[in-house]
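Input: structures, listed below.
Presented sequentially are two complexes of chain A, the first with chain B as partner and the second with chain C.
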Partner chain A sequence: MLRYLARKLFIYLLTFIVAVTIDWAIPRFMPGNPVDALVSRIALMPDANAALTSYFIAAFNFDQPLWQQYLNFWWALFNGDLGRSIMLFPTPVTTLIGRALPYTLGLLLPSILLSWYVGNVIGALAARRKFLDNSVLPFGYLLTATPYMWLGILLAWVLGSTLGWFPLAFGYDQSLKAEWSWQFFGSLLYHWVLPFASLFMVALGGWAIGMRNMIIYELESDYANYLMALGAPQRLVRKYAFRNAMLPQITGLALQLGAVVGGALVTEIVFSYPGLGWLVLSGIQNQDYFVIQGVFLFIIVGVLLANLIVDIVYVIVDPRTRVGLQGDAA
Partner chain B sequence: MLAVSDLKIHYRTLAGSVKALDGVTFSVADGEIMGLAGESGCGKSTLGKALIRLEERMMYAGGQVTLDGKVLPIADHKAMNPYRFRHVSIVPQYAMSALNPTRRIGRMIDELLDARGLKGSTLRPELERRLAILGLGPDVLGMYPIELSGGMKQRVVMVLSTLLDPSLLIADEVTSALDVASQKKVAGALVEFRDRGYVKSMIVVTHDLAILAQVADSILIMYAGKLAEKAPTRTIVEAPAHPYTRLLLGSLPEVGIRFEEKRLPGIKGRPPSLLSPPVGCRFRDRCPLAFGKCVEEPPFVEIAPGHQVACWKADAHAQG
Partner chain C sequence: MTSTASSAPASPAPKTGRNEVLYFAFRNTKLVIGACVFTLFLLGAIFGPMLATHEPLTFDAPPGLPPSADYWFGTTLFGQDVFSQFVHGLRSSFIVGALGGITAAVIGMLVGFFAGYRGGLVDEVLNMLTNVVLVIPTFAVLLVVAAYLSVRGLGTEAMFIGLTSWPWAARAIRAQTFSLTSRDFVGMARLNGESTFRIIFGEIAPNMSSYLVMTFILLFGGAILTAATLDFIGLGPTDSISLGLMMNYSVMNAALQLGMWWWFVPPGLAITSIVGSLYVMNVGLDEVFNPKLRAL
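Our next item is the complex of A and B:
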């Protein structure tokens, strides 16, 4: 077990280093120069511009060779410093992320977990009721094939624009001040509904279909047949089938996490929702190296952590992985 | 004592119903191990399964099964349930994968027994004793199926299936997936369980006549959904009366003969489609002895005590 964990941790560490390196490199491959953009926005006299440009270049260490910048980046990272935003200079990137993170987590966690749970329940029910199977499943296929942003736009158009039931954009009513009040909280919730619904619905279909197929597969498996031949009641056979069908769903949850983060980015952009997705979009538009780096770093860490947790959970719920480990260690 | 009369089981397919079991009548006495043999698709496995649990696509089409004087409601899924495991039990063909992979074996057995209204803990000593008979320690109950070898799993399944001392055990191709040494152990275990009275009578379904020669008291040969011949093992091996049985035995390799010089004879042709089986004897197209009368269906008649055959020419052979 320890050996297994150590090996897993090593792989995750390796992945982390590679991913962070790519994360550092990608913004720097973008054409253009963020300092020019920043300086031209300030729009001073040509002389002052030149001075300002060299000041900013020195301030962001862009005058150093790339390898030095790379090492600086790692050094800063270990000190918890993600640099300062260029577009909102001099706000630290950590502050920007700290501001955006609650919105993204508030969207992602409920939509991932709820869709997973509800989807599994619907799928398990569909596996045993013909009526549900014939009605819910086609709808599930439709949902899971829908791109996040398309469903988002559709929801915004129907429920927001046409019916006017929900607001079209932003995390809360822009006329309110961000504070701990019921009114603000209500507004938050009100603005949260549509982006949440679009993420939830797309994920829901996939989970329901997966669970339904797995349960049917398990109910036709040899051990289910044997138990039924020995007169075991449906309850016991279904219990086993459900438990075994859950295993791939748990793996699926880990694999989906990456995709859902991507979906959240797009959804946030559609609804101008002030989460990480929105932040990264403005970062890209303004060539803000440090914001892009910082947000992606967060996503990398999030996905790796989620996968690690699922790896550990899997060892607990599936004895076969445990045996595999022993064989491996021997 | 098991008595089957005129049992018919059909498979539902898009093309129509396949008459996999087309009116079979036979009985198995208490203490008898009956081998059930025939080539693939002859209905032997269907017969074995029909006696305990009809699969979804299997359709009961007539006939009656009585076990110890009581009629088994094989067509009624629910009514049959009380008989399963307690009175009729099965060691399935897929014994290697018959145990839930994510439960410790002992816990799975306890859960099954509890679900059947029995107390797992009171049966535990007997369970361990029987495992020991087959050379398995009580520690296997704390293991997951994946930790056991194929032969061990097979033995666990044998012990579990017979734990409630059923009157009838169906052993479906139990030796097919095993190496020769394990085959021998399993065959020995079948006889041992019968001798100890754990199982009253047994139907051993297989295509392996060599195994049957070791364990079976009598052998029932099936062909294309019908019975061909039933006789004590010795009679089947030494004086088979049905031409199909003879050809079947003739296609087995013999010890001491090198088959480099001599080709093993097979049986030419293929069994008829059971979607719309031909009238008369179903073997007649492949039978070297076929004659005019074979367009009529031969009855399954006793030609000697305990020896039944469905062939118009059987009498002549038995005497000749």
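Our next item is the complex of A and C:
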């Protein structure tokens, strides 16, 4: 069990180092000089010009040798310094991310966990039941093929714009002040419904299909046949099949995280929701590279941590990893 | 996949070889429906731009018109022809899907074949590489790369998508290769002194060709979805129109508030239909190739 976790931990550490290196290397080795682009852009903002230019030179350290730049980058990272935003100079990028993060997490966590749970239940019910199967399967494929933003757009158009049931944009009513009151909380919840619903629905189909296929596979396996031959009730056999089919779905959850985060980013853009996606969009529109890079690192760390949690859950759920029988199966 | 659909045999009776596959292919409704939808959009991408009477990006039409005889899909808020944008965007989607899918398939096959066949240290190293790329949220990487590229073409976009989407394919191909490597015919080829390259592409690859086709189909669909997402966030090609960009323009310019559904419904519907048809085709192909799954 320790070997299993240690191996995983090693991969995540390696991934983190690779990701940070990519983050460091891209501005330095891409065609075109980002500093030139930035300086020419801030020439339009004369008051901030001097402060910004000196900041860029200090931030990129182009006068130092490459290895020194690389070490500096890591040093800054461990001190929690992701640079300063250009569009909102001199706000540190970490502050901007800290402000946006609760919104993104508030969308992501419930939608990922709920869609995973509901999708698995639907898939398990559909397996080997002709009538349900015929409706769940095509509908599931349709949902997985839908681009995240398009379902968001459709929901916003039908439920928001045409019917007027839900607000079209923003994280809360713009006439309210952000404070701890019931009214503000209610507004938050009201604005949260549509983006959450679209994230939830897109992910649902994939889980249902995966679970259905796994259950069918498990029901055809030897232990299921043996139980059936012994005359065990259908319910019992299905229960065992469900438990075994859960395992790949847990691993699948870890693999899907990256895609879901991407989906959350674009969904936020559709609804002008003030999370990381909206931050990235304004970063792109303003060529605010530090913001984009900061969000990138944050997503990497978040996904790696989530992977680690999934691994620990996997060890708890699958006894085989504990005794070291099939440690590398996942 | 389209060639199987077009070269229809007149008599679906024969029972051996390729004809057997074709026989089951035409009786598989999933495969037939998927292939029809896919072909429909492919034809639209090939011939649509010839039918379009307006340029996709010029502002020569009255703004904000709903669909009419002159402007089949209506016009945008700035007076661009939506139909023309749509068919050109369709073309971009297929190009990105094909290029991105091919790039990912080639890398995935090379990594998977060599890791699975060679084993040992090669396998360890390639497996580690696969795991790292698998864990990295590739969309975030694409975000940073695309943001720093000031000029972006369809080709670069497709290449970067391909470079980040291969790991699961490599993993699946590695597992298949691993099981084939222990078979007798591979051992015979080894005894004959054939080169690694020949064994992989002459003995192993043909024996999992159906699997490779299905992997490619999924990579193709995945590349289209990823490209649409990137385009929507504003990091798409800077020199052409795409379905994701159309959605980006419509949302950024209040098409939702104005109820201009003809601007944002067609691009999303097209992506959903294309990718959905690919997935359904994949299930159909699985049933055709795998006798156990055939519903007779």
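One rule holds for everything that comes next: the second predicted complex is superposed on the first by the 269 of 330 C-alpha atoms of A that agree within 3 Å, B and C clash if a C-alpha of one lies under 4 Å from a C-alpha of the other, contacts with A are read in each partner's own complex, and residues count from 1 in each chain.
The working rule: a residue touches a chain if its C-beta (ideal position, glycine included) is under 8 Å from a C-beta of that chain, and two chains touch if they have at least 3 such contacts.
This one's a predicted model, so the numbers in the text were calculated from it and none came from an experiment.
When the shared chain is aligned, no partner comes close enough to touch A:313: not chain B, not chain C. In the superposed pair of complexes, A:148 makes contact with chain C only, with no contact to chain B. Using the contact criterion defined above for the overlaid structures, shared-chain residue A:14 touches chain C, although it does not reach chain B.
Of the two partner chains placed by superposition, A:77 touches none, neither chain B nor chain C. Touch counts on chain A: comparing chain C and chain B, the chain ahead is C. Once the two complexes are overlaid on the shared chain, A:225 sits against chain B while remaining clear of chain C. When the two complexes are superposed on chain A, none of the residues of chain A touches both chain B and chain C. Those residues of chain C whose C-beta lies close enough to touch chain A in the complex are 128, 131-132, 134-141, 143-145, 147-150, 168, 221, 225, 228-229, 232-235, 244, 247, 250-251, 256-257, 259, 261, 264-265, 267-269, 271-276, 278-280, 283.
Listing the residues of chain B that touch chain A in their complex gives 52-53, 81-86, 89-90, 92, 94, 97-104, 111-112, 115-116, 144, 146-147, 157, 160-161.
Of all residues in chain A, only 221-223, 225-233, 235-236, 240, 243-244, 247, 317-320, 323 touch chain B in the complex they form.
If you check the complex, the residues on chain A that touch chain C are 11-12, 14-15, 18-19, 22-23, 26-27, 30-32, 34, 37, 138, 141-142, 144-150, 153-154, 156-157, 160-162, 168, 255, 257-259, 261-263, 265-266, 269-270, 277, 280-281, 283-285, 287, 289, 292-293, 295-296, 299-300, 303-304, 307.
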